[in-house]
Amino acid sequence: MKKIQKREFTAWLFLLPSFVGTLIFTLIPFGDVIRRSFLDAMGNQFVGVLNYKNVLQNGAFQLAIKNTARFVVTCIPLLLLLSLILCILIVGRKKHGDFFKATYLFPMAIPVASVVLLWRVIFDKSGLINEFLLSFNMQPVDFMNTSKAFYVLVFSYIWKNTGYDMVLWLAGLNGIPTSLYEAASIDGANGWQKFKYITLPGLRSTLYITLVLSLINSFKVFREVYLVAGDYPNNSIYMLQHLFNNWFLSMDIQKMSAAAVMLAVTFLLLILLLSWLEKRWEGDYKKKRRLTHKNENI
Amino acid sequence: MRKKFSIFILLIVILSMILSACSNSTQQSGDKKGKQKSKGRYIEHDIEMPKLEKDETVVKIVENKEHQLELYTYIAKETTKYNCYLLKEDDSWEKTSLDWLNNSKTSEMIMVDICLGQDGSYYACLQNISGEQKANIIKKTNEGTGQFLDMACLNESTNVGEYNTYKIPSKINVLKNGNFIFNMKESAQDSSLVIFNQKGEKIDEVVTINPNSFSVSGNCVYLINQDKKVVSYNTETKNNDQILDFDGVIDSLQLFTKDNGNVIGVGPDGIHCYSKDLSLWEKVVEGSSNSLGMPSMDVKGTVVKDGEQDVYYVAFSEVALLGIQDGIQKIKKYVYDKDASSIPEKEITVFSMEENKTIRQAIAIYQTKNTDVKINYVVANSKEGGVDSDYIRTLNTELFTGNGADILILDGLPIDSYIEKGVLTDLSDIINPLIDSGKLLSNLNDSFTKDGKKYQFPARISIPVVAGNDEIVNTNVNLQKIVDYINKNNNAPIMKKISSEALLKGYMPLNIDTILKDGSLDEKALKNFLENLKTLNDNISKDNLCPVDEDDTDLYAVENSRRFASMGNPYTMLYTKVNSVEGMMSLNGLKQKQNMTYSSLNESFIPSAMVGMNNSSKEAETAKDFIKFLFSDEIQKLNMNDGFPVLESSLKQWFQEESKMMSFGTWDDDDNLINGEMPNEEEKVKFLTLIKKCKKSVVKNEALYKLIIDSARSYLDGEKNIDQTVADISQKVTVYLTE
Amino acid sequence: MKIFKVISTITLIVTALIIILPLCMMLGGSFMGEDEIIQSIGKIYGLSKAEVHWRIIPQYPTFQAFIELLLDTPQFFVMFWNSCKQALLGVLIQLLVSVPAAWSFARFRFRGKKIIFMIYIILMILPFQVTMVSSYLVLDKFKIMNSHLAIIVPIVFSTFPVFIMERFFKAIPKSIIEAARIDGANELQIFFYVGIPIGLPGIISAGVLSFLEAWNAIEAPLTFLKDKSLWPLSLYLPSISIDNLGLAMVSSVIVMLPAILIFLFGQRYLEKGIVASGIKE
């Protein structure tokens, strides 16, 4: 008993600075947000769940949620797939692998405002792409002001994050012991089978981390949208953060708080789901590996 | 176990040390900035001017060899007489004789400047008023007579038509080696200080951004160079001896030197002293709470009396409306009072998005009258660019946390949201009595009453006016009529071309009621509005008389002379804003044109300096007192050319004032002179009545307007079609309304 | 098989080109004179009627924009140092705080660990606007509002690096730890001599990513810093108006440089670490 207590104490020692800081600077503010979600705007009157009702029924909120969901569901699978493919193409290339990796990672370092500048040059109604289309006698597309703006955003997101996710996949890939592949080769498996039964399962935990990080990055897209289109962009790219910004300008903090709490709860459920899934897979996977090893040692 | 425990303690101690050190250091640096001593600060006192005759112009104050203040004046009647007054210890004046300056030749001149040179002699710069307008330098000799100096630079003339013009210095001084340094205009743009030798031959030229702000010591000149740095320029080595790193407000900074090598800088943020030993500037007198910070006061000279704590005498001229400055009108003395608390007990903050001169003036005056109150004036949008909504967000954050300024100048802020959320205090107890007793203009009452309460009230109003062909211009000007006129006479542009953004910004407030009805968008009305506006835009696009000024985003720009001049040829109408009685001059000029008249714009007025009070202010009493002060006659009667008073008595006073001899003149393309004079009695009465009839406030809803304007612009510029535009706007307005 | 290799190489190259293209455009643009820029893309801003085009290599290369930025714009340097202070200090202290925390989550079992870690993750995902007002309150109470600390402190206690490093620490094989323990090392020594060296790639990756985030931060400085003299570089770019495109290009390039440098530096470690962590059971 003493040993466990000692271990726990040590654990807390390591954790303490971070935990205390997070508590003060992040958790307590969020607690305040929760509190405000049950009060009126200036924090004077208790209004129960009125704010939650108002927010859920609010048309602008629904639009923002719809767009955010649409964006996440479209982009993230696309991004994960693309980066995985690139990763597979790169793995094992000793000579040029590094060069490609560095190249793909560059977009992450470019400041947002510059990216915005470039997008304007490329996607504006008199921009480069439209020039290109015109030269083929096709109709120019006003990207920024129509629902096509959504696709510009998708492209921007994928452009920026592909390298990032690819590196994550690589890290995960390198974590799968080569012995597994050798054993499979001996068993007569071909490339596709190896991929399906060894690689994919082995990447499951990497999937978890990549998913979470990509989700975080998808929210950052707001910066670009805001710099290009201002407070009220085209409906197809109106995001949650726009709504929050505007609520802030009109002093509607009670709505902001209620929406924030709902958002946090949604993420909580999402993370719980993901980590439960991951545990199950990890468990299966570990079992499989032990079996393979056992077989080897025999 | 003990080891671990001690590590644990160590960690916590280190962490808390770091945190407290950080917060301490920020506090300390804050302290250093504020220069907190518990007691003692400079208080401003009035110095009564000497008994002057009518039209006696005060030119300059000079520190004489005994470090006393001398005041130099002249009276220009048939002959000019020059006077000098000496300020005595008890602040009374003694008139002294100026024999060396008063003689037959000088009686035909007026004084431009006078100085006590570093070589110990007095030099005066006089200018002929008749005949050839030349400048003359007269030196006071050791015998006490005036010697005319023959200066080559001043004798040079250039021929302009039939006349010879001469260069006239506006400020002079003399270096220790006897060389002269003048502020002379070499050309229209160049502001440089020119150094001449005794014969008037040019030796050197120094570039400075403010040529009236230099001072000399020995053979060095202290000035502000083009990099906005205070430097000491050695005229013998022709190099900068020193750079005096100044961190205050450098615009309008005036420099003065003391014998001991210290330098004084007097600016709108106060009096700064540069200590030669410490190589540091120090602010000794705070400017924002007295005349130094008042936009209406311009510093003309400073004299410093040494002592344990120096006494500063500053001469001011009051900036007249059209920038004509008649010498010195006021002298103030700044004395150190060691018993006065250095930081006043009560402190309030006033916030405004943009600089407002009337408010700044009021803040300074209030503090001179109430020395126990300190008022901070925070202007969000000072110089560098920044988006308005960012400033509003920062302000809102402060308001949420119960901080925020005590008084908010609501121009450009989301007033409706503030009212809705209970941010603003009800000011009825201040405003209603003034309205009921007829003191405040009653026509303003309705626009600012909400649910029977008053959360805001403007301290100033401007009257938008449309002037032009009497076919379009009558009391019911509207866009449709204008468009019909255009369609009938489809030729010349009817007004000066402005950007589509300015057009939209100008017409939005007037038409928003038809577009946004009962909280929803009327698409047909919007379409109608935009199509009319496009017709107007297309029409004025034909105007190539003057290039479009991209910065001109105001449809109601005041006094754009070109527009007035070109009325009738080719323009048919224009919009403008009248801020003062003098602003009527340009309208009067139109009388010379045929069929031109003007009328108010649907009986609306544009409010500005909207005063609101923060509900969570911790100094409510002081804030309310200041608001009362803003609506008192003393402030209301000021004329900073930013709007009419809202106090009836001050307004009447403006119109009853004797009109100064001014007129507005401009030429049109055919070189015809349009001359507008000050309005006569009848016209004044007419306009006053007009002001009192204006009941509608021009509503400003920045967020909504920006939304619509951003989309509509591309339609007006021909890049989008109408249906697409209406659909876009409709979409965005719906989101805006649902939020 | 060879065909597969060829196709994959081509795919990689094409992708690389698409990704690098905007970067090259910007580099090229930073060497263009004002007139050429307006001529190239002015149409978008209504400044010219010429068709939009963009040469990667400028027709009239010039250093004008560079000179203007580096010599004529003093506030650029002020902002540059602000960025350095905020980002570097923030990330360094952040690592000091989060590395032990990540170690704790990775290798220890204690009551409430799962819940706290879950909270950490959620806090990481929430967008800035959600906690903006409340953060303001807290920062204000500590009197660090409108100072460098207002930016540094939130960076220090960001939960993002903890999340990343936890993964790396978890991947350290138990056998090595056990071996160290048998040799008589206590927890602190294990952390310092085993955990940190092996987990270094994770630490560096977290550091690099945090630095990138801090270097490009926009919302926090905008909201928490009133004094323009404290603004970091990331806020300089959006404030350049249309009529100074050349300046915008150059400043983009310069703002990118430190980020790219740190990036490349960190990448080498990333590589080493990934290979090293391949040594598993």
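Chains here go by letter, A, B and C, matching the order in which they are written, and residues are numbered from 1 within each.
Throughout what follows, a contact is a pair of C-beta atoms (placed from the backbone, for glycine too) under 8 Å apart; a residue touches a chain by one contact, two chains touch by 3 or more.
The model shown is predicted, which means the values in this text are computed figures rather than measured ones.
S.K.: Using the stated contact rule, I'd like to know whether A-C or A-B comes out ahead in C-beta pair count.
M.R.: A-C
S.K.: As a test of understanding: of all chains, whose mean C-alpha position lies farthest from that of chain A?
M.R.: B
S.K.: List the centre-to-centre spacing of chain B and chain C in whole Å, with centres computed as mean CA coordinates.
M.R.: Roughly 44 Å separates the two chain centres.
S.K.: Taking each chain's centre as the mean of its CA atoms, how far is chain A from chain C in angstrom?
M.R.: Taking the average C-alpha coordinate of chain A and of chain C, the gap between them is 16 Å.
S.K.: Express in whole angstrom the distance between the two chain centres, defined as the mean CA positions of chain A and chain B.
M.R.: Comparing mean C-alpha positions, chain B is 51 Å from chain A.
S.K.: Send over the residues of chain B in touch with two or more other chains.
M.R.: 4, 7, 393, 400
S.K.: Which residues of chain A are in contact with two or more other chains?
M.R.: Chain A, residues with two or more chain partners: 10, 13, 17, 245, 248, 253.
S.K.: Two or more other chains in contact with one residue: find those residues in chain C.
M.R.: Chain C, residues with two or more chain partners: 132-133, 137.
S.K.: Which positions of chain B touch chain C when the two form their complex?
M.R.: Residues 4, 7, 22-23, 26-27, 384-386, 390, 393-394, 397, 400-401, 403, 717 of chain B touch chain C in their complex.
S.K.: Enumerate the contact residues on chain A facing chain C in the complex.
M.R.: Where chain A meets chain C, its residues are 7-8, 10-15, 17-19, 21-22, 24-30, 32-33, 36, 86, 89-90, 98, 100-118, 120-122, 124, 126-128, 131, 159, 162-163, 167, 170-171, 174-175, 177, 205, 209, 212, 215-216, 219, 222-223, 227, 240-241, 244-245, 248, 253, 256, 259-260, 263-264, 267-268, 271-272, 275, 293.
S.K.: What does chain B use to touch chain A in their complex?
M.R.: Listed in rising order, the residues are 4, 7-8, 11-12, 15, 389, 392-393, 396, 399-400, 414, 417-418, 420-423, 703, 706-707, 710-711, 714, 719-720, 728, 731-732, 734-736, 738-739.
S.K.: Sort out for me which residues of chain C touch chain A in the complex.
M.R.: 8, 11-12, 15-16, 18-20, 22-23, 25-26, 41, 43-44, 51-54, 96-98, 100-101, 103-105, 108-111, 113, 116, 118-127, 129-135, 137-139, 153-154, 156-157, 159-160, 162-164, 167, 171, 187, 191, 212, 215-216, 218-219, 233-234, 237-238, 245, 248-249, 252, 255-256, 259-260, 263-264, 267, 270-271, 274-275, 277-278, 280-281
S.K.: Quick check: in the complex, which residue numbers of chain A touch chain B?
M.R.: Residues 9-10, 13, 16-17, 41-44, 58-60, 63, 125, 142, 145, 230-232, 234-235, 238, 243, 245-253.
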